[in-house]
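Notes for the one structure printed next.
Each chain gets a letter, A, B and C, in the order it is written, and its residues are counted from 1.
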Amino acid sequence: MTEASPAKAYSLHLGVIALLFALSFVLPDYHHGLIARIMVLAVFAMGYNLLFGYVGLLSLGHAMFFAAGLYGAGLSVYHLGWSVPAAFLAGIACGALLALVIGVLALRTSGVAFMIVTMMFAQVFSLLMLYFAVWTGGDQGLVVQQAARVLTLGGTTLDLTNPTVRYMSALALFSIVLLATLAVVRSRYGRVLVAVRENEERTKMLGYDTFSNKLAAVVVSGTICAASGAAYALLFGYVGSSFASVQYSILPLLWVLLGGAATALGPLIGTLFMYYVTDITSGFTSAYLLIVGVALILLVLFFPKGIMGSIRQRWLGWLP
Amino acid sequence: MHFGPHLLLAALEGLVTSAVLALTALGLSLVFGVMRVVNVAHGEFFMLGAVLAWALSTAISGHPALGFVAALVIAPLIVGAVALVAERMVLRRLNYNPEATIVATIGMLYIIQQLALTFYGPEARPVEPPFSYRILLPWFGYSGYKLSVVAASALLLVATWLVLTRTKVGLLMRATQYDSETAQAFGIPVDRVYGGVFALGAMLAAIAAVLIVPISQAHYLMGQDPLLLSFIVVIIGGLGSLRGTLVAAVLIGLSDGIISMFFSPTLAKIIATLVVAMVLVFRPQGLFGTASR
Amino acid sequence: MMPLLTTRGLSRNFGGLRAVDNVDFALMPGEIRAVIGPNGAGKTTFVSLVSGRIPPSSGMIVFDGADITGLPAYRRVRLGVAYTFQITSVFANLSAYDNVALPVQRTLTDGRSKGAVKAGVMAALERTGLADRAHMPAGQLSYGHQRLLEVAMGLALKPRLLILDEPTQGLADSEIDNFIELVREIAKSATVLLIEHNMPVVMQLADRITVFNAGRILAEGTPEQVRENRQVQDAYLGAGHD
């Protein structure tokens, strides 16, 4: 947060992006696909982190923002035959609008009530997706046609179902969001967000309209999550109500807690770690939820700062 | 069937829901009221009660009533023990921090659910009711067992209320609820009260589940709806207010029974959840509660 | 000259208790005004009403000719009413620099330039003698330095009215002397409203003193007048106050 060492921070993050780029050429097929998926979901986690980590607002309903992007993009391709860029923007717009409405309502509460209210709004959203199964496909979901998932830019045609294109698109989104959130949290606005987390009353007495700042954070956070959802629908071609379920509100919390709240790289590390733990253990147990449950409890009990948070505390104080 | 009898049937079904819901929600409300902990795993304690009831009643041969009674006694005790262990090992170490305990109870939810799936399986299994007497009304017959559930639940609610208001244990709990630091200073073993309250809350959910399982079957995902409905009841009734909880349980149970008789259950759930979220946003002390301290 | 701050019939009830009772108060620009009174006299409640931290039960507050009774606290801060907390509430996990940067960046109108923020922050830190501790987390500063940081944050708001709530509480004598100098310095550019228990500090600093008792203004005047006032001696000085 201090003015020190911006160069160091940016080079570290550019280095991570370069590493992910290089991995594209060496990873075996299976891991190549997995990392692409992880990058998209890490964007979801980064959006969550902005609100939870920096502003200190613990939402239990972020699945609705992810799903708003997912359905917004997926359904406009599926039903309206929109092009990929239009659908992507539609998804983001849906998420931003939803976040604005939810923010105005939910921010009237705080603490535990905020957690419950966001959870309930997400529950309503998820039930609505089931209720309107005629359009959304309900819990079966919809598969977005392969032919529609083609991006035409000028003269070139990019087939989003092609693994390399998919990987690079995911990386592009991930990089933009990573650098953008890094810039936001290092900016003056980021300083205000942290101040709200640390002591909202004091921040007000410095002349800040904390409600508006929090609302802006909810909208930015929701929009990033929607971008992740929209990208998921377009890159992986599936839209379903499971993505709106409570579980998908809990997962970003888990990823961020694991990776380290209020760290720029924490969301990626957390998502990566959790995905691979699940992947490796799935060889000998199907008890996926058990791992999630145990991880949550162990994290809050013994490791509340997460991986990157602990590294920052012990070794690298400059880490953003 | 005409509209009147139809409505009566819906109301009876709603009353059964109310009875079970009141018990479950009372558990959630006690835990929140005394400990300020939002127990997201509450529905899983309910489910655990039902699954154990199935296990016990199948393990015990002979008349179905025998197995049922055994389940009614043993299942809540096991669930209470599980809750106590969870409270000692996790919640206490978190110092009952509201946000950390929510995350931790979400963890418990997943663990219990997964263990139930692994050891009990994905099937829904019935438990035979202890008796199958049908009460004949002029328009339709109605299950005597269902009415006995209402009676049993009412009895238990009265008993809990008496414990809370008339006994020393209840006094300790109320003192802790009112001001845990002062209570501690006056030598009340706040720590043990917390453990006991968390176990008691889980046991109430388990008893409710044992009562309902002959009607609705045991399933590893059956905890979700009671959790949601209990939240609704506790929020509408005012967080931590027992009287409000009871009134809200009857209100929600009846309207749930009646609404889902005439509308799609999904739509009913959507409306109910939305209404409750709005109550929490605009009237956080609940409809019946007074402003929180 | 028009008063900078006026309150008319200002009252605030907590349950049955009338913490501030029908207070008419006026403060002239450039003044250093001390508010004194026994514990529970309503001093802190009064300045909380002025700063907008709590809403009044009745009455009105006028700042620089405008009615600000209904304005939220943050809007009053923007008009120039700054409040420093009685209980130190700096952002413990942020550096001293960031603590001061928060008010500085808000008062800057030129927007983007990082240089301007830095210059403003360092100026405020230098005025309070904290410049060499800019990058320490505020929570690790000594108590006296945290009080000074609190003042630096208030200063950085470029206030027209600076409300200091018991600023010398817990400070060592040597620190208090520096503090008196600092307040005199501040008073050159801002009006100061000071709640203070330390009578020597009050007598040295204040142009005028307002004495509160049981939610009402008991007396008001120059330090000499207040010192001579019989009622004040009975209610306050004679009440065995430390």
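As a working rule, a residue touches a chain if its C-beta (ideal position, glycine included) is under 8 Å from a C-beta of that chain, and two chains touch if they have at least 3 such contacts.
Just so it is clear, the structure is predicted and the values come from calculations on it, not from any experiment.
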Chain pair, A-B or A-C, that carries the greater number of C-beta contacts: A-B
Chain at maximum distance from chain B, centres defined as averaged CA atoms: C
Chain nearest the global centroid, as defined over all protein CA atoms shown: A
Chain centre separation in whole Å, for chain C relative to chain B (CA means): 52
Length of the line joining the C-alpha centres of chain A and chain B, rounded to whole Å: 34
Whole-Å gap separating chain A and chain C, where each centre is the average of the chain's CA atoms: 43
Interface hub residues of chain A, defined as touching at least two other chains: none
Sites on chain A touched by chain C in the complex: 1-4, 188, 191-192, 194-195, 198-199, 201-210
Residue ranges of chain B touching chain A (in the complex, touch as defined): 38, 90, 93-94, 98-100, 102-104, 106-115, 117-118, 228, 231, 235, 264, 266-267, 269-270, 273-274, 276-278, 280-282, 284
Touching residues (chain side chain A, partner chain B) in the complex: 58, 60, 105-106, 108-109, 111-113, 115-117, 120-121, 123-124, 127-128, 130-131, 250, 253, 257, 287-290, 292-297, 299-301, 304
Interface residues, chain C side, partner chain A - complex: 51, 53, 72-75, 77-78, 82-83, 85, 89-95, 97-98, 101-103, 105-107, 114, 117-118, 135, 153, 157
